[in-house]
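Okay, got some structures for you below.
Look for chain A in each of the two complexes below; its partner is chain B in the first and chain C in the second.
Presenting the complex of A and B:
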């Protein structure tokens, strides 16, 4: 069974309904019709462009192009982590920490999954590598951004507590220990919730896609489990790494709390 | 018994420049000055909580050559407003304080199981002192240690503090406003005026 062809006019029908929704939000004065329409437009343009890129990539099937694509995705994800912070670490540290921790976790898990578990021929076959990395990066990005934001925000609000603990002679790791654990938990929580609800409350997107494309549900389920585990690994280790490095950066060599290394909160 | 001097050499932080001061073992030096003159920041510099210039010595040990947390455990700063992070009072103590110590500050053993959220400002201040001293420091930096206490309690805490300081021979830098308190506890008194330390009188005629 093949996939039923979708033509542009059929998409236009769906788009028309989005416009109707925008009309309703305008009538209710929610003040978000504009951003809704812009976001919808961005979806069309971005996905159309990435479709072109993927077609070229699949046709070429060269390692160097796959790597370049992966790097571009990583840098955009790093920028997105930075954009989601109320308070950034100054001097590009948020971008650096976010990008590095996503690189370490997502890329390692993606390469391991490709070479050891799935094993396409060649291992970097773009049909497997790019979607896998995309799902990993997308979720890791959410976890890392949430955890870093929680870390810096809580450190600012609990400055008095951290400094009082330092005054009592506690090492910096102990003084910020509770806050660090809380930040790590907030980064891991979405993935744990997603795994707990998978199949019961929500049908995961990739599995749905594969079933729509004609894959037997049994195989789609196996792929989905693999992806969920890979995403959890990537998000988990990425979050742990980002919070570990980020919390170190909040202190200097003399173990002083240095909130002056954070930008002012965005209004 | 350890007896070490606390010595500030050329310390500068914020508006304050070139602060030099030696505090003998068991000596209390009071520090006063208008609010915003940098008293608290000077204490923070001595505890190495903020970047600053100059060096601080505890006996033969230099601040810059001691890991931050080791230095702060020895040169203990007790802030004017203490902070509490765990559920109960007792969880904040490294070792359980002796009954006599609790009673001296107007508490009982029960206090250790109190909820932190229930503490009044004055209780927090007294327990903050007890908590800090329980960590066995070797020098004390006190930021208005009796500011939130009523007259009678304040004098009781003051007497308890000075007795501890003399007993353990801790060099102590004590920020105070009250002239009578300065007269009672200090052997020397320094005032911060226009970014400098100047010697003030201990007792007023």
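Presenting the complex of A and C:
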């Protein structure tokens, strides 16, 4: 089984249909044809560029380029975590916490998966390393962003409760315990739901892609399971790290709640 | 001038023979550049209700929050002077905040029960402090706290319903029960009845009268009648200073300063 070559004019057909959809939404005055077209255009440009980068990367197969690419992805993900917050920790802490926790979890899990489980030769072979890291970072980013947002937002809304618990002589870890649990849950829930629904409701994208590319379903399934576990590990430890450091940052050494370390909420 | 430089009320109440609970000397507090408390001196006595009155922004709540080190939530706060509780410096570096706060309960303006059952609202902190062990002990403590807060009869059949399901006045009494369950020495109240209706307010005032047999109570209030009704001592704050501090009867019948008199009689503030 091989892959059927896809040429640009075939893509143009699909693009034409997207334009038709945009035309329909414009006719129905849904007010979204413009953003639909812009998003579609962004897809084309961004993916084409990534394609070029990946081809160069695959051809070179040098560790230094893989590392540089990984770092670039990490920093962009860190920025994205920050952009998704209602309230940021001031002084660059949200970016710092997000980036650090994604670095710790995603990179560790990616390297472990590459060296111990999959074992390509060399271990940093871009064909495996970059897509794996991409999937890990993408999901970890969602988990970390959701968890941090829930943590800071709930802490602000339940300020009275937290302060009252401090006043009852509870140490800060106990006073924010419930909120921390809630934040962890909201970070991990998407992944748990995805695992629960995998194969029954939805066919995961990576597996579908591999099957389309001609891989035997049995092997594609094994890869998908591996990836889902890796993503869960990455998201779980990333969220754990972010919530731990983030909630620590909300208190100081004198057991005071420091909401002044948060930015004003975005309207 | 009747401002007491020693911190003791210029009382004519000769029966007053109370033991010192909190001693404050030369307490000043700055938010950045602006000084919110100006060299306060005051002695607060055990097992009494002391009311802090004065116009908005005069430093009453700021002062209250100095007593359990809750104040310095805001960056740039600087505190000078002495706050001593049972002879120990509250602001000392080596003071254990967690232990201090256990001994100084706080009731806020807006009741804020935890999103847990009525029972758990009360039992959680004592369990954490190892004040109770067996289930029976816990049950006993919860009942005692609720009885002391005058809420037992109303909630004894629904202890496992959420605390948030109660009415505003009941919620505030639940918060008081929660505060007394950890057996503090002092209870600070920051306008505890300002969000309540008159009937709930009266209930809480009766409660303060009972609770002062066991606890030292310091309350901030905007309600002159309330101060007159519940407080043994009253301190009048103005622009970050204590203008007058006296036993409540004297303060309300023959205030020694013009400012206090104007405020009490409603001509000012």
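Details
Throughout what follows, the second predicted complex is superposed on the first by the 264 of 267 C-alpha atoms of A that agree within 3 Å, B and C clash if a C-alpha of one lies under 4 Å from a C-alpha of the other, contacts with A are read in each partner's own complex, and residues count from 1 in each chain.
The working rule: a contact is a pair of C-beta atoms (placed from the backbone, for glycine too) under 8 Å apart; a residue touches a chain by one contact, two chains touch by 3 or more.
None of these values were measured; they are calculated from a predicted model.
In this overlay on chain A, chain B clashes with chain C. By the touch criterion defined above, A:211 reaches neither chain B nor chain C. When the two complexes are overlaid on their common chain A, residue A:226 makes contact with neither chain B nor chain C.
Look at A:256: by the touch rule set out above, it reaches both chain B and chain C. With both structures placed on the common chain, the touch criterion links A:167 to chain B and to chain C.
Looking at chain A, you'll find residues 160-161, 163-171, 178, 254-257 touch chain B in one structure and chain C in the other. Chain contact summary for the complex, chain B toward chain A: residues 47-51, 67-70, 72-74, 76-79, 81-85, 131-132, 135, 137.
The touching residues of chain A, when paired with chain C in their complex, are 160-161, 163-171, 174, 178, 254-260.
Only residues 68-70, 72-75, 97-106, 108, 110, 112, 114-115, 125, 128-129, 175, 178-179, 182 of chain C touch chain A when the two sit together in their complex. Those residues of chain A that touch chain B in the complex are listed here as 158, 160-161, 163-172, 178, 252-257.
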